[in-house]
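Below are structures written as C-alpha cells.
Below are two complexes that have chain A in common, paired first with chain B and then with chain C.
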Partner chain A sequence: MEHTDLLIDWSRAQFALTALYHWLFVPLTLGLTFIIAIMETIYVRTGDIWWKKTTQFWMTLLAINFAIGLATGIIMEFEFGTNWSNYSWIVGDIFGAPLAIEGLMAFFMESTFFAVMFFGWDKVSKKMHLLSTWLVAIGSNLSALWILIANGWMQHPVGMHFNPDTARNEMENFTEVIFNPNAVSKFLHTVSSGYVLASLFVIGISAWYLLKKRDIMFAKRSMIVAASFGLITSLFLLNSGDESAFQVAQQQPMKLAAMEGLYQGESRAGIIAIGLLNNEKTLGDDKDVFDFKLEIPNALSFLGYHSLSAFVPGIEDMLYGNEEQHIMSVKDKIILGKKAVSALKDYKEAKREGNQEKAQQALKTFEKNQSYMGYGYLKKPEDAVPNVALSFYSFHTMVGLGTWFLILFIIVLYFAMINEIEHKKWVLFAALFSIPLGYVAQEAGWIVAEAGRQPWAIQDLLPVGMAVSNVASTSVMITFWLFAILFTGLLIAEIKIMLKQIKIGPEGEH
Partner chain B sequence: MHLIQKIYFFYYEGFKSMQVGKKLWVLIGIKLFILFAVIKWIYFPNYLETHFQTDEERSHYMLNQLTKEN
Partner chain C sequence: MLDSISLLTLQTYWWLIVSLLGALFVFMTFVQGGQTLLYTLGKTDDERTLIINSLGRKWELTFSTLVMFGGALFAAFPLFYAVSFGGAYYVWMAILFCFIIQAVSYEYRKKPDNVFGDKFYEKLLFINGSLGVFLLGVALATLYTGGNFVVNEMHLSHWTKASYGLEALLNPFNVSFGVMLVFLSRIQASLYFYNNLDNEAIAKRIKETLKNNTLIFLPFFLFVFGFILFQQGYSYNPETQMVFIEPMKFLHTLLDYPLLLIILLLGIGTLLYGIYSAFYKHNHKAIWFSGTGTVLVVTVLLFILGFNHTAYYPSLVDLQSSLTIENSSGSHYTLSVMSIVSLLVPVVLGYIFLVWRSMDKHKMTIEEVKSDSHHY
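After this line comes the complex of A and B, so read on.
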C-alpha cells in the first residue's frame, strides 16, 4: 500500500479534529481550577459563606467540563500507534517519557485531590480542602507541561541522538528536552491562554445573571475575581506570546513568515495589524501579497529578533535562498537531505554485508548531513512552505481577539469596581458573546502552532508524509467521521448539562 | 485497615451524595466503554505491534521506510 496524498490528508484531518475537540475542554480546566482556588482562598480567609457557595457553583461547572473532556486526549494516543506509527517509532522515548509522566501525574494528583475537592467539604478541614483545590489547579497545569514539552520537541528537536541501527531518536539530555526554550515559551503561552479563557467564561456567565437580574451579588463577586485574574494573565499572555514569537523566529522562520504573509524578507519589517491576502498571489511571482493592509512599521523585526532594524527572512528567501543574508535554499537542503538518506541506506547495507569500513564511511556522511534529513523526503522545494492563508488568518484572529479580551477585562473590572456593571448592558452583552470568541482564539492558536509547522511532523527531520502508517485511507476516513459524531455528541452533552446547571444557579443543588 | 475503611467510606459517601455528578459518571462510563472497548480494539490496533514480532523487525522495517526511493 502506498502513502498516498489521500491517506496523509485524512490522517492529518483526523488528528486535527481530535486535537481541536480535545482543546475545547482542556483550557477551561487549566484556568477555572485557579479561579476556583482563588475564590476558595477568599472563603477560607473571610469565613463568608457566600464565597463558599460561589466556589461550589463554579466547581460544579468545572466538574461538567472535566467529565466530558476526560480521556478525549486518549484518542490521540490511539492515533499515534495506528496512523502515525512511523512517527511514534522514530520519536522513541523522547515523546514517550513526558507522556508517561503526564499520565501518572494526572492520575495521582487528579484522582486524589479532585475527590477531596468535591467530596471533602465537610470531611476534611477548611485548610486541607483549600490545599486540595490548589493542588488540583497546579496538577492539571503540570499535566499540560509534559504534553507541551513533547510538542515543543517536535517544533524544535533537542537533547537527542538518532540511532541509525534502530531508526529511533534516543534521549541524550533530559534537561535539554525539558528546558527546551520552545517548550518553555509554548507552555507559558498555552496555560496563560487557558486562564484568559476561564476568565471570559466566568465573566460571560456572570453577565448573563446580571442581564437576567438574578444572583446579582454572586455574579458581581465572580466578575471581580475573574476580571482581575483575566487582566493579570492577559498581560502575562502578551509577554509569553512575545517570547513565543521570538522562539519561532529563531527556530521556525518559515512559520513566522507564513504567519505574517511575508514573501520577501526585509530589514525593519513591519507587522500586519489588519490585512487581506491577495488570493491570486503564488510563490515566485511579483504580484502584491495583500489586497489591503494596515502595517505597524519595524514591529516584526522587533518581535522576531528584538531589534528594530533586524532582517526578517521571507518565504521566498528561504525557498530560493538569499546569498546576501547567508540563507540556504530549500533546493540545496533537499540535496543534502537526500545525501543523508542515501548514506543511511549505504550504512544499513554495509552493516548487513558486514563491511565495517564502508559502514563507518556511510555513517560519517550521514551524520554530516543529518540535520537536513527531512528535506530529503520532500518532492519539491515548494512543499516546505506551509499554508500561508491558514497561518496568517489564524495568527491574526488569535492576536486580534487576545487584544479585545484585554480591553474587555479592563472595562469589566472598572465598572464592577465602581459598582455600575449591572447597568452597563452593552458591557454585559459584550462579555456574554466573548465566551465563544475565547474558544475561537484557542483553536486559532492551535492552528497557528501546528498548521504553521507543516510540512514537518518533527521540524526539519521528518515530514508528515513519512510519519504516517501504511494503513488504508478508507479506515482513517471512517474513524474521522466516527470521531466527528462522538465528539459532537459530547460537546452537545456538555453544553446542555452546563446550560441546565447555569439556569439552576448558585443556590441550586450541586 | 482503619485507614482503608476511612478512604472507602470517603469515596462511597461522596459518590452517594452526588447530584449532577451521577449523570456525569454515567456519561464518563459510556464514553470510556466506547473509547476502550469499541474504538481502540476495532479501529486502532497498534500498527507496528501487530505487524511485527520483535523490535529488531520493527527497526528493520523503519529503516526500509526511511531509505526507500521517493
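After this line comes the complex of A and C, so read on.
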C-alpha cells in the first residue's frame, strides 16, 4: 500500500508533537515522586513537622505536573491505532502486550495510591500514607518500564518471528522481549534522566527562594535531598548512557554514525566533543563534514565496541557498502527486500488459488530474503539515512548538558553541606537557570532516540511509510493543529499555575 | 505456553475480559455524569467544590480503566485497534480530545493564575462528561451496526468514507446508544453522590435529578435493547470463516446460552432496583446495586457481540472484511502470556477495594474538603 509523503510527514509530526509535549511532564513525575517519598520518609522517621510541610509543598507542584502528564499521555497509546494502524497490525502482537501490562500493573497503582497520597493524610495511618507515596513513585516508574520495553523493542526487535499467513510479526519469547538489552539500558537511562531533571527542578526552585531570602530552612533542606539524589542518579545516568551508546553501536550503527556525524567509517574513531557541521555537505561528496571540530581520539571505537582500535562504520559505508568490512549496501538490501515483499504476495496468491507447490516455492524465496523485507518498502537508498544535523546536535546537547548537571550537583551539595549555599549567588543563579536546560536535555535525548532511528518505525523491519494509517493527510493536519493549540494552551496554564504556587511557597504568600 | 488450551478458548476469554473492562468503564463514567450535574446539584460555590472534590478522588480510576480497555484491545485484538482507530479517525480523535481536557480541569480549576478562569475548566468537564461519553457510546454502538472499512489479504485496512467515522452519527441506533450512556452516567452519578456526600441540600436535589434522568434513560434503553434483540446479526461459519447475515442473531445467542440471558435479566433487575431503592427507600447504598447491574448488563451486551461465532465489528462495505474474535486476535502465544498476566486482575481489584473502603469510610463534607491540605 503506497502512502503519500505528506501523510507520513504529518503523521510523524503529530506523533513527535504529542511525544515531545508528553515528555515535558513525565520525567519530573518520575523523579519528583521519589524525592517526595524520601522527604516523607524523613518526616515519618523523625516526626519533624517541617518535613511534612516540605513534602506537601513539593506534592502540590507534583499534582500540577502530574495532571498534564496524564492528559498528554492518553493520546500516545491511542495514536498507535489512529495514526499507525498498519503498525498496530504488523507488530501489535508483540507491542500491545507491554502496553496492556503497563495499564494493569502501573496505571491502577498510580491512580489508586495517588488519591491516598493527596487526600489521605487524615484518613490512613502515617505508615500507610508513606507506603502510598512510595507506591505512586514505584507505579510511575513501572509505567516507564513497560513503555520503554515496548520502545526498546522498536529499536531492537527480538523474541518474535514473521508469520506469512497472518502477514505480521508474532511474539515467540516474552522473556527476550522483557530482557531485551536495548530496553534495559533505555529504561535505566530514561528514568535516571527523570531523577536528574527532578533534582534540578527542586534545586533550582530552592535556589530562587534563597536568592529571595525567604523560606531559607525549607530551601536548604530541599537542596540537600535533591543534590544528593541528583548526584547519585547523575552517575547512574552516565553509566546507563555509556551502555545505551554501546547498544546503539551494536544494533543501530546508522543512528550512531548520524549522532557523531561520521560519514566515512574508521578504525580508532574519535568522538566529537564540540563540532559545527558543514551545511553544504551532502551524501557521497568529498566535502568536509565539519567546519570546526574538537575530537577525543579513539573514544568512539571504545564507546561503541569497547576496543580502542575497533572499526566504526560511517553513514556512507552502510549506504554504499564496504566490501573490506563486509558491509552490504542499502541498495542491495532494497533489492533483496523487494524480493521478499514480492514473494510474500506470491505466497498469498498461491494460497488463495490453492496451489500448494507454488506457495511452498514462494515461501522459500520469502524466507531466504525475509531479513531484508523492511528495506523492500524503501523508495531509494538515501531514505535509510536519518537527519544527521538533528541527530548530531541533539546528541551533543544532551551529553554536554548532562555533564554540566553532574558538576552542578557536586558544587551545590558541597556548599549546602558546609552551610554556605545561600551566600554563593553565582551557584544559585546557575541552579535556577539549569531548570530549563534540564528540559532541553530531556527533549534532545528523545530526539536522538527517535529521529536517529528514522526511517524505521521498527528497526530494519518496518519503515514509517509502511506503518502509517491510510487516512487523508488533511485529516492528520487538522488534528495536528488542534493538538498544537490545545497542548500549548494547557502548557501556558500549567506554567503560570506552577509559578504562582512557587511564589506562594511552603509557608503561604510573602 | 498454555498449549493445552485452544486458541478459540483464549480468544473467547480475552473477549470476555475486554467486555468486562468495557462494562467497568461504563460504570465508572459516573464521574463523567457527575461533571454534567455540577450546576444541577450544586447551587453554591461550596456545594460545587464538594461535588468536584468527591469526583476528583475517582476520576483517575475511570481514566485508567479507559486506558486499560484500550491496552487490552490492542494486545488481544490488534486488528480491531488498527481497523477502528485508524479508520473511524475523527470519532476516536474527538473522544481523545474530550478526555485530554478532563485530566487538567480538576487540578487547575481553582488554582490561582489558571489563565482561563474557573468557568472554562468547568466547561471542559461538562464537555468531557457529555460529548465524551456520547461519542464513546456511538463508537461502541458501531460494533452492532458496523463500519465502512475494507481489510485486504495482508490484513491492512482502510476506511471508505472521507468522514472517517463521523457518518456513524447518522445512524439512530448509534445516537440512541450514546444518549443512553450519557443518561445512565448521570443516574449513576446521582446515586454516587447520594452515597458519598453528607449534604442535605444536594441530597434533596438528587431525588429530582434521579427521576428526570431515569425518565429520559428508560425509553432510550428500551429502544437500544429491543434493537439489539431483534436486529440482524453477522454470523460466521467456524469452518470456512465466511461471514453471513443472520436475523435476530443476538436473541438466538441469548436463547442458546440461557446463562447469559439470566445474567442479563438479573443485571437489568439490579440496575432498576438500585434506582428504585434510592428513590423510594432512601437507600444510600443504591449505587452498589445500580453499579453491579450496569456491569452485568454491559458485560453481556458486549460479550454476545463476539461470542457464538458472531462478527463483532461488521464491515458495511465488504462483508468478508468483518472482524471476528478469530480473525483479529493476537497469536496463541501472546494471548497465553496475557492470560497469565490477567491473574493479577483480582490483586488490582483487591487493593482498589481496600483503599477506597478506608478512604470513603465517612461521607464527605465541605468542612472536611476545606481542611484537607490538598483539594480541588
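Definition applied: the second predicted complex is superposed on the first by the 504 of 510 C-alpha atoms of A that agree within 3 Å, B and C clash if a C-alpha of one lies under 4 Å from a C-alpha of the other, contacts with A are read in each partner's own complex, and residues count from 1 in each chain.
Throughout what follows, a residue touches a chain if its C-beta (ideal position, glycine included) is under 8 Å from a C-beta of that chain, and two chains touch if they have at least 3 such contacts.
Predicted model only: the values in this text are computed from it and were never measured.
Chain A superposed: clash or fit between chain B and chain C?
Overlaying the two complexes on chain A (C-alpha atoms) leaves chain C and chain B clashing.
Counting only touches as set out at the top, which of chain B and chain C does A:411 meet: first, second, both, neither?
Neither: A:411 stays clear of chain B and chain C.
In the three-chain superposition, say which chain, chain B or chain C, touches more residues of chain A.
C
Looking at the overlay, what does A:93 touch: chain B (first), chain C (second), both, or neither?
In the superposed model, A:93 contacts chain C only, not chain B.
Touch check for A:451: first (chain B), second (chain C), both, or neither?
neither
Would you check which partner chain A:471 touches, where first means chain B only, second means chain C only, and both and neither mean what they say?
It touches chain B and chain C both.
Which partner does A:341 reach: the first (chain B), the second (chain C), both, or neither?
first
For A:71 in the superposed arrangement: first (chain B), second (chain C), both or neither?
both
A:105 contacts which: chain B (first), chain C (second), both, neither?
Once the two structures are laid over each other on A, A:105 reaches chain C alone.
On the A-aligned overlay, A:113 touches which partner chain: chain B = first, chain C = second, or both, or neither?
The answer is second: A:113 touches chain C but not chain B.
May I ask you to decide whether A:165 touches chain B, chain C, both, or neither, giving the answer as first, second, both or neither?
In the superposition, A:165 touches chain B alone.
Give the stretch of chain C that clashes with chain B in the superposition, choosing among 96-104, 186-194 or 258-266.
96-104
Using the superposition on chain A as set up above, list the residues of chain A that contact both chain B and chain C.
Residues 60, 63-64, 67-68, 70-71, 74-75, 78, 81-83, 85-86, 88-89, 115, 118-120, 123, 166-168, 344, 348, 469-471, 475, 479, 482, 486, 490, 493, 497, 501, which sit in both footprints.
If you look only at chain A, which of its residues touch chain B in the complex?
Going through chain A, the ones touching chain B are 60, 63-64, 67-68, 70-71, 74-75, 78-79, 81-83, 85-86, 88-90, 115, 118-120, 123, 164-168, 341-342, 344-345, 348, 377, 379, 466, 469-471, 475, 478-479, 482, 486, 490, 493, 497, 501, 509-510.
Quick one: which bits of chain A touch chain C in the complex? Just the residue numbers, please.
1, 56, 59-60, 63-64, 66-68, 70-72, 74-75, 77-78, 80-86, 88-89, 92-97, 99-105, 107-116, 118-124, 128, 132, 163, 166-168, 170-172, 174, 344, 348, 352, 469-472, 475, 479, 482, 486, 489-490, 492-494, 496-497, 499-501, 504
If we count contacts the way the header does, which residues on chain C are in touch with chain A in the complex?
57-58, 60-61, 63-64, 66-68, 70-72, 74-76, 78-79, 81-87, 89-90, 92-93, 96-97, 99-104, 106-108, 111-116, 152-159, 162, 164, 330-331, 333-334, 337-338, 341-342, 344-345, 348, 351-352, 355-356, 358-359, 361, 371-375
Where on chain B does chain A make contact in their complex?
Listed in rising order, the residues of chain B that touch chain A are 10-11, 13-15, 17-21, 23-25, 27-28, 31-32, 34-35, 39-40, 43-49, 55, 58-59, 62-63, 65-67, 70.
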